[in-house]
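Inspection log for the structure reproduced underneath, given as C-alpha cells.
Every chain is named by a letter (A, B, C and D) in the order it is written, and numbering of its residues begins at 1.
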Amino acid sequence: MNPLELKGVLPPVATPFTDDELDTEALKRNLEKYNKTGLSGYLILGSNGEGVYLNEGEKRAVLGAARQAIPQDRIFMAGMGQESTRETIRWVNISAEIGADCALIVTPNFYKGLMTFEALRRHYLAVAETAKIPILIYNVPQFTGVNLTPDLIEALSSHPNIVGIKDSSGNIGQLAEIIRRTPNDFAVFVGSAPVFYPALCIGAVGGILAVANVIPEVCVALKERFDAGNHGEAKNLQFKITPLARWVTAEHGIGGLKMAMDEVGYEGGLPRSPLFPPDESHRSELKALLEPFRS
Amino acid sequence: MNPLELKGVLPPVATPFTDDELDTEALKRNLEKYNKTGLSGYLILGSNGEGVYLNEGEKRAVLGAARQAIPQDRIFMAGMGQESTRETIRWVNISAEIGADCALIVTPNFYKGLMTFEALRRHYLAVAETAKIPILIYNVPQFTGVNLTPDLIEALSSHPNIVGIKDSSGNIGQLAEIIRRTPNDFAVFVGSAPVFYPALCIGAVGGILAVANVIPEVCVALKERFDAGNHGEAKNLQFKITPLARWVTAEHGIGGLKMAMDEVGYEGGLPRSPLFPPDESHRSELKALLEPFRS
Amino acid sequence: MNPLELKGVLPPVATPFTDDELDTEALKRNLEKYNKTGLSGYLILGSNGEGVYLNEGEKRAVLGAARQAIPQDRIFMAGMGQESTRETIRWVNISAEIGADCALIVTPNFYKGLMTFEALRRHYLAVAETAKIPILIYNVPQFTGVNLTPDLIEALSSHPNIVGIKDSSGNIGQLAEIIRRTPNDFAVFVGSAPVFYPALCIGAVGGILAVANVIPEVCVALKERFDAGNHGEAKNLQFKITPLARWVTAEHGIGGLKMAMDEVGYEGGLPRSPLFPPDESHRSELKALLEPFRS
Amino acid sequence: MNPLELKGVLPPVATPFTDDELDTEALKRNLEKYNKTGLSGYLILGSNGEGVYLNEGEKRAVLGAARQAIPQDRIFMAGMGQESTRETIRWVNISAEIGADCALIVTPNFYKGLMTFEALRRHYLAVAETAKIPILIYNVPQFTGVNLTPDLIEALSSHPNIVGIKDSSGNIGQLAEIIRRTPNDFAVFVGSAPVFYPALCIGAVGGILAVANVIPEVCVALKERFDAGNHGEAKNLQFKITPLARWVTAEHGIGGLKMAMDEVGYEGGLPRSPLFPPDESHRSELKALLEPFRS
C-alpha cells in the first residue's frame, strides 16, 4: 500500500459515454475538475461507474485514463470484484499494474443462496492472498442481495491485505458493529450519503458517496465540520445534502446522477441501456434540489 | 397533554408474572427502583411488556399499578394500539381515565397488504381526533411487518394530538428523514438501543430502550454525556451498551430481557408461552455481558 | 372429532356488520344460502372473518350464530388462534363448548423473530394436548410474517389431535412437501384460490377459499370435476376463477370481498376500520369480473 | 426459428472443469450420454452452467462444443443474458452464429431498484428486435432479486421473436397467470423441479430442470406419464424426484449437482470458486437419495 491514508470523501466516479461509446476524455476532464476540490480520492468502476456494462477493453481504458488524471496524493481505488475468485484476482492485478492504490471487491452475488459465510470467507482470503495491492470489502446488499455480516467482516479484518470496507447498506447499527469489532486501522467507509454524518459520529473514516460526483465540496465540508468538532453545522449539512442524495440514488439512480452532473457543469451524459435517464419532466425537480447549492 | 416534556430515556417496562399469573406488586417494586434513576418516564404495555399476552382485566390492572408507582414528574406512556380503530380508541381512553399521560399506538398489522398509506392515515387521524390524551405513533416493522414511511409520518405530524413517534426500525436514514420533515416540537424517539447515540446525533429527543429495563443508569448517562456535548464518552457508552442490548432483544428477546433483569436485581421472571427463557447454558454469556456494568 | 371428513370446499366466512355493529342475523342468512350449495363446511372467524376486530362478546356471538345456522353434516371449523398459548387454549375450548367441530390455529406472530421452531412446536403441542376438539394448523405468512416449515408440520402431524393444516402461502412446492411428509389422514387444505387446482393435483383434500364466499358453486364444481378425473374442465374452471379470486384477496382484500358478496346477493357490507371498501370506481371492474359467473 | 417444437425436458447443462480449467471434451461426453435419453434439448450456459464464471473465450468454446454434440433434432438453447442491452445482443448473435436455436435471456439485475417495468420492457424488446434467433425470457428471482411480473410477460409475449419463458420462481400461481395471459404458442417452461408436475397440470410445456443433469430419464418419464393422462404415476414420480431435486439445488447448489452427476456416471467435477462442493460427510446422504433411482 502506498502511504495514502484511507479516509475522507471519495466519489464513485460516473463513467461518461458519448453516443453510447466510452468517452475517456470526458472522464479525465471530470477528474481534473474534481482535483480542485478537497476530495481525498476516487473510486473508479464502482457501482455508479457502470462497471458491469463495460467490456474488458473498456475497463482497461477507464483505469488507464483515471491513472493519468488522478494525482499521486489522492487515493485511486478500483472496483474490481467479479463473480468468480479467479477473475477477481485477475482484475485486481490488472488494476495494480495500471497503478491503482487499492481495489474494492464487491460480494460475488449471482448464486445468492450459496454465498455462505464460508464461501465468502474463502473468496476474500484467496483474493487478499494473491492481490498485489490492498483490498477493501464492498457490502451493497441493495444491489447484491447478499449482506456481509459483522461476524464475517471481523473474521476478514485481521488479514494484513484486507484494509477496509465500504458499507452501503445504510444500516448504521451494522456499521457500528463493524467498527466496534475490527482493528483501529481497518478503514470503514460508509457508502450511503443520507447517513454520512451519523456514520462519522459512530467512527467511520469517510464516505464513498454518489452525490459527491455532483457536490463534492459540500460533502467535503461536512467532513471538515465534523473533524473540527462542529456537530451542529455537520448535522445541518447532512439535512441539506439528503434530498439531493436520495434523488440521485434511490429515486433516479445513475441516470439521475448523470443528469445532475450535467446540470452543475460536469460531464454526465446518458447511462447505458437498460438504464435510462429520468424523464425530462423531472428536471425542474432536480433544479430545485440543486438550488441550495448554488451561490 | 400535561406539561411533561417528551424526551430522555424510557424503558418499555417488562411485565412480571409469578407462576404465569400477572404480578402487579413485582411491577410496582421494579418501578420504585427505577424511580431512583434518571429515567424520564416509562412505556407501560409496550412490545416488551407482553401486552399482546394479557387479557382486558390484566391490562387494566397493569395500568392501575403503574399509575400508583409512577411519580407525576415522570412520563407515563401507555402502549394502547389494537388491530381495529374502535378498539384502539377505547383503549387509549381507558388509559386516559386511569391516568396515562400519553398513548403509544402501534401500527395495526394483521392485514399487512391492506395497511396502505390511506388506511393508516385514516386510522391514526381517527384515533387522534377521539383520544383524550396525546398519542405517539409506534413504528416497529420487525414485529408488524409494516413500515411507516416518512411521507406518512410527515402527513400525520401536523395533527395537534399526534405529538411524536417511537421508531424501532433501527433505520437511521429513515429516522433522519422523519426528523427533517416534521415540526420541531414533534418528539422523535428511537426504539433501538444499538443506534441510540447516532439517533441523538441526528436529532432524536430520546430513546425508548428495552435494555433500559436492565441498565437504566447507563442509558441515562449516555444521554447526559450527549447533552453535555461530550461525544467521545457518549460514543464509548454506546459501544459498551450494544452487546448487552443486542442480547436482550435481537438475540434472546423478552425471555432474555427478563433473565437479565433478574441478574441485576429487578424482578423479571419468565415470559408467557409461546415465549420461553434462554437455555440456562446462556447464563454465563449473560453474566459476562453484564460484567462491565458492575462496579 | 365428529365423523365429518375433512375435505372439500369451505369459505372463510365473512362477518357482516350493520352500522359497524356485529350483525349475526345477516351472518345466519348468508349461511342458510350457503347451505344450499355443495360446500362441505365453514371456517368461522378466520382471517377473512375479521376475527382480530371483534371483542370477546362478539366472537362468542358469532360462534353461537354459526352453530345455529350450520347443519350437523357440514364442518364447523373455528378460527381460534391467539398470541398466547393460554388464550389460544381458552378460545379453542370456548368454541368446543359452543359446538365447533374443530379449530384452526393461526401462528402466533407478533414477536416474529422469537417464533422459532421450538417455540411454535411447544405452542401447538400444548394447545393440542388441552383442546377438547381436534385442531388444524394455519400457515398464512402474508399476514403473520412467519412461515411454518415442512419440518415443523411433519413434527406436529404425528400428534393425534393435530389433524390437518390450512396453508395459504400459495407455495405449491411447500404444500407438496407437507403432503409428502405427513400421514395420509393428515388433512392438507390449500388457502389460496389461484392455486386450488394445482393443489388438488398434488394431493390437497380441499380448499378454504375467500372467493367461495362469492361463488361457492363454482369452487365446488372445480373440486367435483377434479374428483371425477376431468382435469381439462378443472383447469378451465381454475382460469375462470383466478381473476375474481385475486380481486377479492390480493388486490382489494376484505372490503373487496364484501363488495363482491353484495353484488351477488349475499350480505357483505363494510369491513371495520382501518379496513375500508374499494373506491366505487372499482365497482364496474368487479361487475365485469363477475359477469362470467352469471347465467 | 427452426422447426423444433419448444417443449419437454431440458437440463441446464453443467459445465465441467478439470483442474479448474474448462473441459469441453467432458462436456461433449456428457451430452453424448444425454442424447440417448428422451430429453428434448439442452440449455447451455444457464445458471447451472456457471456461465457467470467463464470468460469470453471459454463461453465461445462451450457453445462450440455443444453445437458439435447436440443433434439437430434436439433444442440447443443458449443462456446469453448480460447486464447491458448491448452485450446481451452481442452474445445472442454470437450464439446464433455458432448455431444455437434460441437464446434464454436472464433479467439484468445488478441495479435492482432501477430494473423497472419500463427498463425491462425496453431491454427485452431491443434484444428481440436485433436477435438473429428467437429469445426466451428467464425469470429467476432467487438469483437476480428481480421478479418479472405477469403484466410484463404479457406485454412482451406478443413480440414475434419472444417465444417463451423459463420461470424458476417456483411460484405456481404466477406461472398460471403467465399461461393464462399469453398466447397459446408462447412456450412456458418451469425451472423448478419440485413443482414440475403441478406446472404441467396448469399448462406448462415442459421443464428446464437442474436435476435432469442427474436423472434425465426419470424427468422425461414424468412428462410422458403426464402426456398420457396418467396423473397418478406422474404425481408419484414427482414425489420421488423432489428430495433429490432439492438436494442438488436449494440445499447444495451446483457443487452438489456436480457431485450427484459424478455418482451416477456423468462427469461433474468441482465448481469454480467461490462455489465449492458439499463436504464429503454429505455423500452418504446423497447416495441414499439416489438409491431409489438405481435399478
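Operating definition for what follows: a residue touches a chain if its C-beta (ideal position, glycine included) is under 8 Å from a C-beta of that chain, and two chains touch if they have at least 3 such contacts.
For clarity, every value in this text was computed on a predicted model and none was experimentally measured.
Q: Give me the chains shared as neighbours by subunit A and subunit D.
A: Intersection of subunit A and subunit D contact lists gives nothing.
Q: Using Cα averages as centroids, what's the distance between subunit A and subunit C in whole Å?
A: Averaging C-alpha atoms per chain gives centres 50 Å apart.
Q: Cα centroid separation between subunit A and subunit B, in whole Å?
A: Distance between chain centres, rounded to whole Å: 37 Å.
Q: What pattern do the touching chains form: line, ring, star, complete or other?
A: Ring.
Q: Within their complex, state which residues of subunit D touch subunit A.
A: For subunit D paired with subunit A, touching residues are 20, 47, 52-53, 55-56, 83-87, 108, 110-115, 118-120, 122-123, 126, 142-143, 145, 250, 253-255, 272-276.
Q: Using the touch rule from the top, collect the residues of subunit D that touch subunit C in their complex.
A: Touching subunit C from subunit D are residues 170-173, 176-177, 180, 192, 194-195, 197-199, 201-203, 229, 231, 235, 238-239, 242.
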